[in-house]
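In what follows, chain A forms one complex with chain B and a second complex with chain C.
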Partner chain A sequence: MSVEAKTLEERQAALKGLGTSRKRVEDARFTQGKGNYVDDLKMPDMLFGDFVRSQHAHAYVKSIDTTEAMALPGVIAVLTAADLEPLNLHWMPTLAGDKQMVLADGKVLFQGQEVAFVIAEDRYIAADAVDLVKVEYEELPVLVDPFKAELPDAPILREDIADQKEGAHGPRRHPNHIFTWEQGDKAATESILESAAVVAEETVYYHRTHPCPLETCGAVASMDKVNGKLTLWGTFQAPHVVRTVASMLSGIAEHNIRVVSPDIGGGFGNKVGVYPGYICAIVASIVTGKPVKWVEDRMENLTSTAFARDYWMQGKIAATAEGKITGLWCHTTADHGAFDACADPTKYPAGFMSICTGSYDIPTAYLAVDGIYTNKAPGGVAYRCSFRVTEAAYFIERMIEVLAIKLDMDAAELRRINFIKKEQFPYQSALGWEYDSGDYHTAWDKALKAVDYPALREEQAARVEEFKAGKTRKLMGIGLSHFTEIVGAGPVKNCDILGMGMFDSCEIRIHPTGSAIARLGTISQGQGHATTFAQILASEIGISADDITIEEGDTDTAPYGLGTYGSRSTPVAGAATAMAGRKIRAKAQMIAAYMLEVHDNDVEWEVDRFVVKGAPERFKTMKEIAFASYTQAIPGIEPGLEAVSYYDPPNMTYPFGAYIAVMDIDVDTGVTEIRQFYALDDCGTRINPMIIEGQVHGGLTEALAIALGQEIAYDELGNVKTGSLMDFFIPTSWETPNYVTDFTETPSPHHPIGAKGVGESPNVGGVPAFSNAINDAFRAFGSTHTNMPHDHWRIWKTANDLGLHA
Partner chain B sequence: MIPGRFDYHQPDSLTAALTLLNDLGDDARVIAGGHSLIPMMKLRLAMPEHLVDLKAISDLKHITVKDGSISIGAMTTQAELIGSAELALSAPIVKETALQIADPQIRYQGTIGGNVANGDPGNDMPALMQCLDAEFQLSGLDGQRTVKAREFYEAAYFTARDDLEILTEIVFPVCTGGYAYEKQKRKIGDYATAAAAVLLTRGADGSCSHASIALTNLADTPIYCEDASKALMNSGIDDASIAAAVKSCLEIIDPVDDNRGPAAFKKHAAGIVLKRAIDNAWSRA
Partner chain C sequence: MNLQDEVLLPVGREAVFQALNDPEILKASIPGCEELIKHSDTELEATVVVKFGPVKASFGSNVELDPSLGPEKFSLSGSGDAGVAGFAKGGAQVDLTEQEGGTLLSYEVNIDIGGKLAQVGGRLIEGTTKRLAKKFFANFEEALVNRHT
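The block that comes next holds the complex of A and B.
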């Protein structure tokens, strides 16, 4: 056999396992337009749903008249809250322990809120009928500023729970107050602040933005009244959780519900939660007995499905005169919109915001987060990050810069002297986390060397002099960022979603001829799982990745899992894959030993086969073993070669990285140019370097969007000002610079293959790098901090406020 | 983002199109490339019952340079403007402007006629046409008439074109002097925060023998800066005259606050963009 003629290295390479830049197997269909997305589904007799939405941010719904809409030929039904109430589906639970209106129940609380659901024979009739539904509103005062939520004249938004003094996360001090979440030692931190040589203070706003996946959210529900089975196809980042929630809400037994996530065109946290459209499609299908499709349009996506961020982070950071940080204090006002629909593990109402001590050895810290209701869309999801980690990283990376200004120190050096040292890992943070591994100094020094940091600072200083001398109108900013992520939620003892522990799973079947299928509880939205999970398995079981099918997203076939978000697929499902692979290998070892007529312990694993110790010519390849498992009667061993693993990780993983952005800023127009971007990522063991690079490019591009212009802005009446892609910034290739990527590799000590996850790091680290570059450009002129997004006019305003246009 | 119902017509001659417009009256709209109209229809801000598509009328698609004059058929796409070697020689500012409109995909669809006729102050071609002193040919069932670009725009979306007329052709003189179209925008595909079209011709003695300035998206119509243009011709080009011209232009603009920023910022940006356009045009003159 030709396989046997190959060298060890050739056999290794043939597996296309860990560390191989294997081409994405998904791309053949995506690049040819052959993907199968939810809106591609077509079924006989399928009906279409569309929403009547509120144009008001806060109003009572006095009446809904559906007569004219119902009279339009082709309209089947118009659902309102009154129709859903008998089913107890006019409200639904949120992932954050709150509840949310499915359809307006007496009032509306944000512009774009779902008021009625029209069901019609085609999509156009549905839209026409939406225009014919007459809703009478009585407008109410609007609350858009969370800092005004508890003033005496503030309107009460959630009258349904106005009297509840206790929420899902403890006491509520006001009807517009959701929770207060505290971590760390308040008294000790405040005492350090009082006595510290230096204290820097700043309020850092991480504005409201939106994940805006290319494909919007949608679902097709099909109730088969003959067999009693409900099938729900949809854009779900967590299909199993959707099945369980659908069962609990509808009363349909869980085995009679099949949830399928087909190809998904990006999620970025937007597709974790459950939306009114899903519920209405299900109810409509149950009522009509026909499949019902609901797919939102771009404006509906931007204005009504889950937003991200909107954190006002007030910070105080204490240090010695030499710059050693001694304490960190943070109070965050979190604008959650009309319902608390954050997608966080149950016990973490502010997600992992308590990772806000970042990459630094800060002995004492305190964090408090107040969640507030406003007349804005609900959400607060992890947009390409682990729960609230971008907020935390942005906060600490801005505070470090602010402290450097106060100390009149170089910000790179300030970071260096405060980094957690390599030998301190596993490191216990002041806010309760155990960082698994890291080598920040090595990464930092590599990054600074790669960009020739001292030369950049010299050039910047020269540029400032030229500017002051009237020789240039452009300033230069150097944006430093050293971030630490916390991903891979997570240990079941700490992390759950609606009570479901955040484990994940993998089930492997080896076919008789030596190829395989593996199914996982996660679901790719573009991450390339079909490529990378096959690589993990290839290295574990010695079957080429090309011979392994990866399947996800169908709850009738895949093992239960908590889905894909928060960079958890590799840390959790990737670990389950490796562990299931090891079970396969353990059984294969027994089969090989039987076939080779030796004791189990007398064979050893070698790339793709078991070899008799000391007799390398005697071996059985995995392919031969697989065949034997189905064809031979082996005493004491069950036929077949399958395994399943449910993996509960012992800890999170802590990827990190060092990013440096160099930007030029036109002081007169506010126009910016990204001259250089260097990104060093350490995501532990690297599974597929090409996919890592792609992930980093994508995440950095979303980061530049957020930092430089992407926002969901409201006016004082609660109108969304940025509800289309004309105003909501999505960078094209034109706005995107060339990125230089680099890496160090510090494996996670607790993960079976040492991998940590990477998809979200570039967004977490990228935003502070870009924002720090803009802010750094104005440091020489006395500016300490300006808020994102750094679009043209806001940069111009900074320059104008500093008198640079005089 | 689902439009209302409409009937679609694709006449193959100008007369047929004009007859349709006449017969259908207010319920009909002419569609060229559709990149302004279709989004408005998807938002149901426009709900025409009939669309009269001009794309099958071959007479409306041409670029002709003859006797010092350039005529362009209304259905000529932005991509065709960019790709025309003749136009690049006879009026290079057209290509420079078209390249700053939207993105390549849209430029394959969007037409010069639609861009100038729609009356959207965000469109780039109207100011350019004023800068070039172009004339628009308007055809109705009763005959043709010509309106100067500088007299065509009345207010946002209101122009001198009668609802029953079709803008068929754009005519302007060959211009081979110095030129620049400078546009500040937030991103590809965006309308201008501020943009300026400038033509400057250097006379044999080094003076400025011709000057023309027009501005985009800084009022509810394009702004032709007649005074500043004349002043530059009289005074020649130097730092003081440029500063005076910019100042004169800024006095007649009236930008509004929007997501691109407040009016004060736009005014400042307009001054910068215009100064750069003048410098650039003069350096090419």
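The block that comes next holds the complex of A and C.
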């Protein structure tokens, strides 16, 4: 038979397992317009919901008149908070231990807040009816600056909890204060700052932005009143958690709720939370007995669903005169908007911001984060990053640059002398994390060599001279970034969302003819899970990835899991997949031994088969074993070949990377050009290099967007100034440079296959690389730090402030 | 947003002042004014249609005139609601100075705009508002000259 004739290498290659650049199996349907997104769902009698939203950032709602809207033919109902109150659904819990209005209950707290929900026969009638709902407001003073939140004349936003001195994360000192979260040793850090030879200080603002997925958020709820079953399709990054929350809120038993995430057109953290639209669609379907669809438009997405970042990070970094860092201090003012709806593990109100010591061996550190309410949209999600990890990475990578300026030292060298050394892993950080593995010096040296770093610095110095001599109007910036992420949340002992431990799961069924289906608790939003998880499994069980179906997102069939965000799919569900595969293999070993008439321990695994030790011609392939499991009566072994694994990771994983951006800046126009971008990623074991490269390209482009222009900006009245794609920057191929990608491979010691996760690394490391390049361009002219986003106007302004236009 | 400008009108101060209090002239002068109802000497209600870039908004506005310091000074304040399209509120301070050949009208306008108008039309608001203010005084001058010639 041809199978036997194949060499070991050929058999290995045929599996298309770990390390194979296998083409994405999803792309056949995505590239042919055959994806199935929530808005593609069409059902008989389906109704459509649309929101009346607040024009004001802060106002009392005096009255809502729905008479005219109800009179419009085709309008079924208009829901207000008064309608939801008897069901106790006018407010809903947030993921951060706060509560949020589903529909305005007496007041509105941000522009775009949901005030009433119109249900109509089609979406056009619904939109027309929205215009006919008359809402009378009484305007209130608006708070947009978190630093003014606790001034004596500050308006009190959350009157519902104004008197509560204790919040979900400890004491509250003011009605507009949400929490203070402290990590590390304050006294020791301050004492080091006092006695240090050098202390550099800077306030680094990571501006408010938005994940802005291509597909906006939406849901279809369908209540089957005959069978008492509710089905909810939607853009959910965590469908199982949505089912549990929906059950707890609605009182419908969890087995009577089915949540389905169909194809999702990008999530980036935006689709983790629970939004009023989901609740209203469910209520509307229960009330009408018909399916109800709600899909937000682009402006609604940008102005009302979860934003990202908005951290004001005040930093102090202490070092010896030679540049050895001795201490790090950080106080962050976190603007959370009107409701604390951050999507973080319960015990971490500022996510993993405490990874802010970065890639460096910093013996002493202190971090405090103050969460503040303002009249802005709620959120604070991890936009293509693990919880607050981009904020942390941006902070430390800017502070390193600021310290380098203070020390008059090369920033690459400063990093090198402070890196955690390879032999220090597992490394215990001053803020409480145990870094699993890393080899920063090797990655850094490889990166510097790849771009010929010394030559770049020489060129830059020459450029400064030319500029001063009036020979050029362009400056050159070299943006260095060495980031360490913390992903794969996480160990159940300290990571949960709404009490649900952050494990994940995989269930595998091997079919009689030797193909398989595996279902996971995660959900792909473009990451390519159907491709990569099949590869993990292929290597574990010796069945070609092409013969394995991966299914996710239907809570009636998939095992319970916490979903996909924070680069947790590969670290957690990927581990569950490998572990479930090993259970399959363990049973297969017994079956093979029975078939070969030897003892269990006398057979060993070899790529796709069990072989009798010492007799390689005697073997049973996984295909043969699978068939036998369904066709033979094997004493002491149950028929069939299935396994389930629920994986509780022992630790997070810590991917890292070295990025270098080289940019030219026209000081007269502020226009930037990315000359070169080199990205080295170490994500541990590499499952599919082509998917990794694709993820890195996508993440770098989002990083480019954030660093160079993308923001959610508010004016003093609380108007969102960047509420459409006219003003909210999304890079196209025009702005996107060619990226050079590279890698080192330092496996995670605790992950079953050593993989660490990569989807978010390029955003985490890319933002500081771009921002450092812009800031570095002005270093020679006395500038220490300028805030993002570095759009053309702000760069021009920096040049102007430095007198470069004179 | 704050706008300041001045315009020289070829009629006497008293005539300008009267015109500022005249609903007919105001209606002819306000760009996009579809309806102007006088509730009293100082209280007006107007329906004004304005286009800010892609957003066309019909403002139902209440305006209060303050002629008490006339004819040297004149002020007005008001607010307009365009439903889901947004809202505007603000006021204008007008100084009338007698000059050779007529009256110098200097004005300072403060306007806050909110809602969808501010979101979508953000970058267009200042330009549009300036254009509308200029249009208003051009129309005003025309109506005034027509009446007095």
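Throughout what follows, the second predicted complex is superposed on the first by the 806 of 806 C-alpha atoms of A that agree within 3 Å, B and C clash if a C-alpha of one lies under 4 Å from a C-alpha of the other, contacts with A are read in each partner's own complex, and residues count from 1 in each chain.
Methods note: a residue touches a chain if its C-beta (ideal position, glycine included) is under 8 Å from a C-beta of that chain, and two chains touch if they have at least 3 such contacts.
None of the values given here were measured: they were computed from a predicted structure.
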item	value
Chain B versus chain C as contact partner of A:A628, first or second or both or neither	neither
First, second, both or neither for A:I355, with chain B first and chain C second	neither
Partner chain(s) touched by A:Q111 [first = chain B, second = chain C, both, neither]	second
Partner chain in contact with A:D727 - chain B first, chain C second, else both or neither	both
Contacts of A:D131 with chain B and chain C, given as first, second, both or neither	both
Chain B or chain C, by number of chain A residues touched	B
Which superposed partner A:M299 touches (first chain B, second chain C, both, neither)	both
Partner chain(s) touched by A:N719 [first = chain B, second = chain C, both, neither]	second
First, second, both or neither for A:R123, with chain B first and chain C second	first
Which of chain B and chain C A:A430 touches, first, second, both or neither	neither
Chain B and chain C footprints on chain A, overlapping residues	131, 299, 721-722, 726-727
Of chain A, residues touching chain C in the complex	52-53, 55-57, 111, 130-131, 134, 299, 303, 715, 717-724, 726-727
Chain A - residues contacting chain B, complex	50, 123-124, 126-128, 131, 297-299, 668-671, 709, 713, 721-722, 726-727, 729, 731-732, 734-735, 791-794, 796-797, 800, 805
Chain A contact footprint on chain C (complex, rising order)	83-84, 86-87, 112-116, 118-120, 122-123
Residue ranges of chain B in contact with chain A within the complex	1-2, 4-5, 44, 103, 184, 186-190, 193, 259-262, 265, 268-269, 272-273
